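Right, one structure below, let's go through it.
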Amino acid sequence: MPATDTAAELRDVTKRFGAFTAVDHLDLTVPRGSFFALLGPSGCGKTTTLRMMAGLEQPTFGNVSIEGRDVTGVPPHKRPVNTVFQSYALFPHLSIAENVAFGLRRKREPDVDRRVAEALALVELADLGDRTPSQLSGGQQQRVALARAIVNRPAVLLLDEPLGALDLKLRRQMQLELKRIQTEVGITFVHVTHDQEEAMTMADSVAVMNRGRIEQLGAPEELYELPCTAFVANFLGQSNLARGTVVEVRADGALGVDVAGTRVLVRSDRAATTGGAVLVGVRPEKITMLVDGQEPVPGQNVLGPGVVTDVSFTGVSTQYQVEVPGIGTFGVFAQNLAGAATVALGAKVHLAWAARFTFALDGREDATEGTTDVDDEP
Amino acid sequence: MTLLAGLGGAAPSQVELPRENRSRAYRGLLAPGLVYLVVFFVVPVASLLAMSLYVPVQGGELGDFRPALHWQNYVDAVGAFWPQLVRSFWFAGLATVAGLVIGYPIAYAIAVRARAWPLVQRIMLILVVAPFFTSFILRTIAWRQILADESWVVRAMTWLQLLPPGGRLTATPFAVVCGLAYNFLPFMVLPIYASLGRLDPRLLEAGADLYAAPITCFRRVTLPLSMPGVVGGTLLVFIPAAGDYVNAALLGNNTNTAMIGQVIDQRFFRILDYPVAASLSVVLMVVILAIVAAYVRRAGTEDLL
Amino acid sequence: MRARLGRALVPTMALLGIAYLLVPIAYTVAFGFNTAGKTNLVWRGFTLENWRNPCGAPQVCQAFVNSLRVGVLATVLATLVGTLLAIALVRYRFRGRSAVNLLIFLPMSTPEVVIGAALLAQFLSLRVELGFWTVVAAHVMFCISFVVVTVKARVASLDPALEEAAADLYATPVATFWRVTFPLLLPGIAAAAMLAFSLSFDDFIITNFNSGSFTTFPKFVYVAATRGIPPQANVIGTFMFVLAILLVVASQVVTSARARRRRR
C-alpha cells in the first residue's frame, strides 16, 4: 500500500436517491492525522458523504479512496474505517467490554483484553466493562461508542453527529475530550455536524456543505474571516450584507464600492469579484457605533446614519439592531466592557469598522442564503 | 392500526421504512416462505375453485367427478343452502355484537382504569388470554355442561322466569351464539385494549378542561379514538365465527342451528358431493374477502400486519 | 353518590366479563376430577383416579402424542420460514412488497373451513394419502402468517444502525446475522414459536379435513363428544393449561427481573 498523506479522498462523487441528488460532484481530500469537520444544515449531504466513506452507501458515480487505495464498491466490513453512530448503536445484548472488543474479535486480533482495557481507560470508563449499555447514561454510551471505534486503530474515524443527543454542558465537555483524544491517538477524525460552533472549536479544517456541494473548505479562522459565498457568510456566525457596485479600483489594491451612496473600501484579495455588482459584508463584532459627535478613526468604513431598533443584553455582550435607510438592518455585537448597554434604543448612530475586515461576495448571490427563518422546517 | 397488534398485547413501534437496499439477499429470504404459501395456499384455493365447477361422471360411483365449467353448481349450492349461509352470518354477527358488549368494558378496564397498576394489567391480560390455553373443543364442551338442563344456570333462569319451565338451553341457537361469542372474545378484547392503550390520558384531561362531562368525554373522545381497535376486533371475531361449525355441532341441533361449515363438512365427507361443498366454500370466502377488502381500502396493506 | 356508582360500573362489568371467560375453564378443570360414568356430563364425585391414570381411556394418550409430534414439527418449520419472511419484509424494499404482504395476510382472513376444504380438494385431486404429513403441511401453512406478524413487530423495533455498526466493525453479513440480528430477534422468535405451537396443538377444523384416520387430540375430543368424553381428556387439557400459564408467568418474571436489573 503506497504511503500517503491523504487519509481519505472522494473524487467527483455523486449520490442520487431516485430523483433526489444528495451529493453533487463532490471532491474532497482529508489530510492524514487531521481533525476534519463536515459542516452544514440538515439535508446538505454531509451524512451521506460520511456513509460513503464508511461503505454504508455506494456512490452513484465517482471514486472513494482510503489511504490511497480505491475502495469504491468495497463493503464496509472490509474497509479500514470505523464509525461512531448518531444513535451510538451499542449492542444491547453484549457487555460494554464485549461491545468494545467486537471489531477486534471479528478480525481475530491478538491481545484483545489488554486493548479493550486501554480503550476504556482512554475514554475514562475503565471500571464499567461488565455493565450493559442500558445501564449507562447518554454521555457514557457515547464514550463507549468512541472506544469501540478507536480500539481498532482505523485509518479514518468517522463521527456522525455524535454529540447531538447530549445536553449543552456535556456537549462542551465532550468536544474538548474528543479533541484531546484525537491529538493523543493521532488518528484522522472526520466529524459531521450541523453546529457551526462545534465545528470551529474542534476541527483543523472545515468543509461547509450545502445542497450536496462543498461551498468552502479551510481552517475555521479562514472560513470565518473570509467567507467566499453568502451561504458560508450567514451559516458560520452572522454576517451583515449590503448590496453595492464596484466604482473604482485603487492603486493600493483596494476596491471602492458604492453602497447606497456611501463609499466603502474592500481589499481586492478579499473580494470574490473585482467588477460589477457585489455584496459587501462585515461581521457584527467588528462594528463600533458612533454616536453624536464621535469621529471615525482613519482606515475605517462608515455607514449611516441609522437608528437603533433593538437592544438585547446577553451578559457577555449587548446585541444591537441598527436600521440604515437604503441598506437594511445591521447587527452589532458590543462586548460588555462597561457593565450595561452603552447605546439606547432609538439612538441615531453611524456604523464604523476597520476596512481591512470587509469582505465582498458576488453580487448575484442571494443575501439570505444560510440564514434560518421561523417558518423553516426544523 | 395493526390488525393483530392486540394479539401480542403490546402496541408495536412504527414499522421503519428500510434504507434503500439493493442487495439481492432478500430473494433467498423470501423464497422458502413464498413457495410454501403458493404451493399450500394459492394452489389449493385454485383447486377449490376448479373443483366447484366439476360435474359428476355419468354412470360413475359416488365421489367421481370430472373437470368442467359447470357454473350452475353455484346456483344449486346457494339455492339449497342459503338458509345456512345467512344463518352463519347472522350468528357471527350476533356473536360479534355480544363480544363487543362484553369485551369493550374488559378492554377499557385494563387499558384505562388499571393504567396505574401494571401488575394488575398483566394479570388481567393473562386471564383474558387464559381460555386459549385450554383446548378449543374442551372449553366448548364445557358450555354444554354449563347450560345443561340440571345446571345452576338453567335453574336460575327458570326461577327468574327468563326461561319457560322445562325449557332447555343446550341444542338451541342461544347456546351456539353463546359458544361463538365466548370462544372469540379474546380476539375482541386484545385489539381494543391495544387501541385504548395508545390513548393519551391528557386528551381526556383536555376534554374535561373544555367542559365535557365524563360520559361526553367517553362518547366524543375515547370511543372515536378506539375505533381502529373496535374495527379490528370486529373483523377478528366475525371472520372465524362465520366459518366455525364446531360450536354449532357441539352446542346446537340439526334443525335450526346448522351453519355453513357443517354443511361443507357433510358434503365433503358423508355425501361426497365435492363440487357443492367447494362452491359453498368459495362463496363463504368471497363474502369474507369482500368485507376485508372494504377494510383494507381504508387502512392499507401495511397496517394489516 | 351517582358518580361513585357510575365509576363502579366499568370495573364491575369487566370483572363479570372475566368471570364469564374463566367459568368454562373451571368446569374443564373440575370435571377432570370427576368420577365419571360413560359421559362425564354430570358431577358424581371427586377422585384423583383420572390423574393417576391419564392414559386409561383408549386412544387419549396416542392422540395427545400425535398432537405433540405435529405441533413440534410444524412449529420448527413455520418459525424458520416465517422468520426469514419477516426479515425480508422489514429490512428490504422491493417491488411486490404489498403483494407479499397480502399473500401472507390472506390465510389469516380465510375461514378455516375454506382452508381445510381447499387443501382437501388439492390432496384429493393429487390422490395424496391423508395422514400425519398432510396435517403437518397444513399446520405449517397457516402458522407461517402468524409467525411473520409476530417476528415482524420485533424486527421493526430493531435499530438498523446496529447491523450497520456490526458491518462497520468488520463483521461479514453472516457474522452480523448470528452475532447481532439473531440474538436480538430471539425473544420475538420465541414468542412466534409459542404462538405457532398453540395454534397447531389446538387446531381442529383444518386438521379434521386433512387427517384421514390420523387422530390429534382436538379431533379425538370432538369425536368422543357424541359418545362421552373420558375425563382423561380433561386431565390432559388441564395439564396443558397449567403448563401454558406457568410458561407465561415465567416469561413475565424473567422480563421484569431483567428490567429491574437495568434500572439499577
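Lettered A, B and C in written order, each chain numbered from 1.
As a convention for this text, a contact is a pair of C-beta atoms (placed from the backbone, for glycine too) under 8 Å apart; a residue touches a chain by one contact, two chains touch by 3 or more.
Because the structure is predicted, anything quoted here is derived from the model rather than measured.
Undergrad: Look at all chain centres (mean of CA atoms) and spot the one farthest from the centre of chain B.
TA: A
Undergrad: Where's the contact count highest, between which chains?
TA: B-C
Undergrad: Please tell me the distance, in whole Å, between the geometric centres of chain B and chain C computed from their C-alpha atoms.
TA: 16
Undergrad: With centres defined as the mean C-alpha position, give me the chain A-chain C separation in Å.
TA: That gives a centre separation of 56 Å.
Undergrad: Cα centroid separation between chain A and chain B, in whole Å?
TA: 59
Undergrad: Send over the residues of chain C in touch with two or more other chains.
TA: 173
Undergrad: Scan chain A for residues touching two or more other chains and write them down.
TA: Chain A, residues with two or more chain partners: not present.
Undergrad: Taking each residue of chain B in turn, which ones touch at least two of the other chains?
TA: Within chain B, the residues that touch at least two other chains are 20.
Undergrad: What residues of chain C sit close enough to touch chain A in their complex?
TA: 159, 161-162, 164-173, 175-176, 179-180, 183-184, 262, 264
Undergrad: Using the touch rule from the top, collect the residues of chain B that touch chain C in their complex.
TA: 2, 4-5, 7-8, 12-21, 23, 25-26, 28-30, 32-34, 36-38, 40-45, 47-48, 50-51, 102-103, 105-106, 108-110, 113, 122, 124, 126-146, 148, 150, 182, 185-186, 214, 235, 239-240, 242-246, 249-250, 260-261, 264-265, 268, 274, 277-278, 281-282, 284-285, 288-289, 292, 301-302, 304-305
Undergrad: Per the contact definition, I'd like the list of chain A residues that touch chain C in the complex.
TA: Per the touch definition, chain A meets chain C at residues 54-56, 75-78, 81-83, 85-87, 89, 91-93, 102-103, 106-107, 132, 134-135, 148-149, 152.
Undergrad: For chain C, which residues are in contact with chain B within the complex?
TA: Interface residues on the chain C side: 6, 10-11, 13-15, 17-18, 20-25, 27-28, 31, 41-42, 80-82, 84-85, 87-94, 98, 100-115, 117-122, 124-125, 137-138, 140-141, 144, 146, 148-150, 152-153, 156-157, 160, 173, 191, 195, 198, 202, 204-205, 208-209, 217-218, 221-222, 225, 229, 233-234, 237-238, 240-241, 244-245, 248-249, 252.
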